[in-house]
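Letters A, B and C mark the chains in the order given here, with residues in each chain numbered from 1 onward.
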Amino acid sequence: MTHIGAVALNTFREAVRDRVLYNLVFFALLMIGAAILVGQISIGIEQIVIVSLGLSAISFIGLLMAVFIGVGLVSKEMDKRTIYALLAKPVRRWEFLVGKFAGLIFTLVVNTAAMSAGLFLALAYVKHGLQSADAGVLVAVYFILLKLSIVVALALLFSCSTTSLLSILYCAGLYLAGSFVQQMRTLRTDLMGNATATFMRWLSYLLPNFENFSVTGPVAHGVAIPGSLILQNTLYAAVYCTVILAVAAAVFSRRNLK
Amino acid sequence: MRASESGPAIETENLTKEYPYGFLHLKKKTSLEGLTLRVETGEVFGFLGPNGAGKSTTIKLLMGLIFPTSGRARLLGKPTTDVAMHRHIGYLPEQPYFYDYLTAAEVLDYFAKFFDFTAQDRRERVQRMLKKVGLETAGKIQLRKYSKGMLQRVGLAQAILHDPPLVILDEPMSGLDPVGRREVRDIILELKRAGKTILFSTHILPDAEMLCDRVGVLVGGKLQGVGAPGDIVGIQAQGMEILFALTASQSGGAPLLAAATRIGDRYRLQVPDGEMYAALEQLREAGAKILSVSQIKPSLEEYFMHLVAADRAQATAIEVSGK
Amino acid sequence: MKAALTLSLVLLAGFAGIWHLQLNIDAQQAALHQDRNDVLLTSPKLLKVLSLEYAPLLADVYWTRAVQYYGEKHAAHDNNLDSLWPLLNIATTLDPQLLPAYRFGAMFLSEAPPRGAGRPDFAVELIQRGIRENPDYWRFYEDLGFIYYFDGKDYAKASAAFAEGARKPGAQVWMKVMAAKIAAEGESFETSAFLWRDIYQNTTDAEMKKNALAHLQLLSAQEDCRRLDALADEYEKREGRRATNLNQLVQAGLLQGVPVDPANFIYVIGDDGKVQLNPASPLWEKQKLFEKLK
């Protein structure tokens, strides 16, 4: 097993033993409740409600996990001093980081897969069966995972450099900023100075744009997502994560461990 | 990659570590200053010093956990930044903590994965190590339930799991009861017999005297002396001490008796080196029973306390003078 | 050094890649979402419950979205302002004291496209909620009267609104005068001009100010044309034929000089013999969009 794999597996094991996956119980209850209620309340929009609610919950829970576990990935090992014995092994610091990243991503994938199964079950229940168009939900879930991978990368970066509280704040701030990046492009640039307008434009491209990954509307209405968008988003997440991890590795490799 | 066998196992050259602190990080605290040291292959080297002297700092610098402000260090001939070299080095951190949600067996197995053993080999080594440090029965219990002594043993196990030629232990005896300390001492001796090089830091002097070929004394970030525990004291032996017993009927050797200290029915007599045989002859004629003859020398502890006091005096002088 | 160089290269290449990808993604997403401004959660009551004590904050978010939405649609020359009402409805439900949202809504919900959503009924509903939640704010009565006068053409209701508002604390004297004037005359130039001028002078919202100015200018131009038409009729009476340009009126001694519109372009006489805006004037385009004002 590679060094990265070993670290990743251990990270996953830690999440499991910390009972993080119990959130699935909450999600299951939510989906069951929604499936039962929606039949009583609305006519004709069961699909929209279940899909919107389910995707929002998957995204939100995933975000909580990504941020709260993410900011502890490195800082927890440093606080608890477990990192000393580990880095005394023949493992490079960047391998350690990538392993941590992969471990949390894997945890999120497992968690999200379980939630998606629950979502499909609820959907099948209210619609009395599934159609092929519902596969769009899988794409939406995949996009959520892509989005979360960027958040995890950011959380890991902060975990290497600052305390947990600040990391959480930075992550939350960047997530909010990244959700409104689209608006930055359509701000009334004729009302600002030239320098400000250019700065805003550059910023809007450099900040992670989480709206790229939002397809809840179309999916809830059964619209198919084009393959090219899937490819572009995958590349976007991959490149962005690589950049962030490279910075994290650079920061961490010179860090004096106290 | 074979470890270099001809050169020293550990070699430092003017190793210095400063920590900036205070407002805008303008002030500097020097925790290690100009350490130049060699540890030869196969020797047991003790790193002594009071708390805060810089022992842990030195060890962390060697292991690449922190980076020197200036100077260099080499382990087994390679610079400390060479992470692949860790294949041949075992390290026990001070106050070891490990993943408390894992069992001892799992922790050892996890660390073992970084050494490219086969799965079979890994399993065997883990079992062997658990046995060696006396944790075979506790192997399946999560570490969060372990006592400090047990954690220390896990730490030792993970340090020697991969059979490294160089072992670096930071305060290996800390937190252990006498039984535990005895066990660790035995392990260290066993490693030494197997030809490993061992560097360990401690502030428990009797352990150092007993185990080490050489010791280095670190006080206030500076290396004050290096050498065999006996040599380092650097003060001439102050003579011999003879312990003897006298039956009531015996007499004679009155001048000697007068010089001796009486403890119950035993007497302790100190004589200068050159006069030892003469004194023994006198005592033999007096019919005394010689119990023991030993060399008087100041202990490592006295030397140590002397160094610490000197360092403190200097520090105070610097403070007072406002430098 | 080598590490720093590698890192810089990775960062540069990375962000260049991100930029490029983002452009592609933008195009795809635009195609996928016809209306980027899906207001998914449309139940204001549900939102109010969900937002707990953050309701006013969320209200601000929706209010900001409404303004941005309006600006975006405008910049894109898109006449479809369907989401404006839901956004304002939610904002004012979450925070019933969000006064600027009511005023903005009053203007831009009721006005016909492309300047507004063309839904005076929504505008009235919005303002009436504003009045319910803020009973002493006299300006809402001005807004209500405004909607009835301009877009509803219901002068009785307009007058009633002004009269009601005049009784509120802090109401300015002209409210009473306005009520009477509208009751008596219905639509008139002075009334319209006064109302728009009041909005222009008292609003701090940039969009509203711009809109009010445009209306004022067109109104003024319209009045000018009406007066010039009267003079042209006089000319026709005297000379027996229709004038073809205003210089003739100057020569006939009816005008001191050729007057200009608020954009400083001279008025001209059209093919139908009526005085009108100069086609070269920027106001000409604006007027075409404001057919209602004729």
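By our rule, a residue touches a chain if its C-beta (ideal position, glycine included) is under 8 Å from a C-beta of that chain, and two chains touch if they have at least 3 such contacts.
This structure is a prediction, so every number in the text was calculated from the model and none was measured.
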| item | value |
| --- | --- |
| Shortest walk length in steps over touching chains, subunit B through to subunit C | 2 |
| Centroid comparison with subunit A (C-alpha atoms), farthest chain | B |
| For subunit B paired with subunit C, centre-to-centre distance based on mean C-alpha positions, whole Å | 85 |
| Distance from the mean Cα position of subunit B to that of subunit A, given in whole angstrom | 49 |
| Distance between the centres, which are taken as Cα means, of subunit C and subunit A, whole angstrom | 42 |
| Complex contacts: residues of subunit A adjacent to subunit C | 52, 182-183, 186-188, 191, 205-206, 209, 211-212, 215-218, 223, 225-226, 228-229, 232-233, 235-236, 239-240, 242-243, 246-247, 250, 253 |
| Subunit A-touching residues of subunit B, taken from the complex the two chains share | 60, 63-67, 83-87, 89, 91-93, 95-99, 101-102, 110-111, 113-115, 155, 158 |
| Subunit A - residues contacting subunit B, complex | 1, 3, 6, 10, 13-14, 17-18, 80-82, 84-93, 254, 256-258 |
| Residue ranges of subunit C touching subunit A (in the complex, touch as defined) | 3, 7, 10-11, 14-15, 17-19, 21-22, 24-25, 28-29, 31-33, 36, 38, 40, 68, 71-72, 75, 206 |
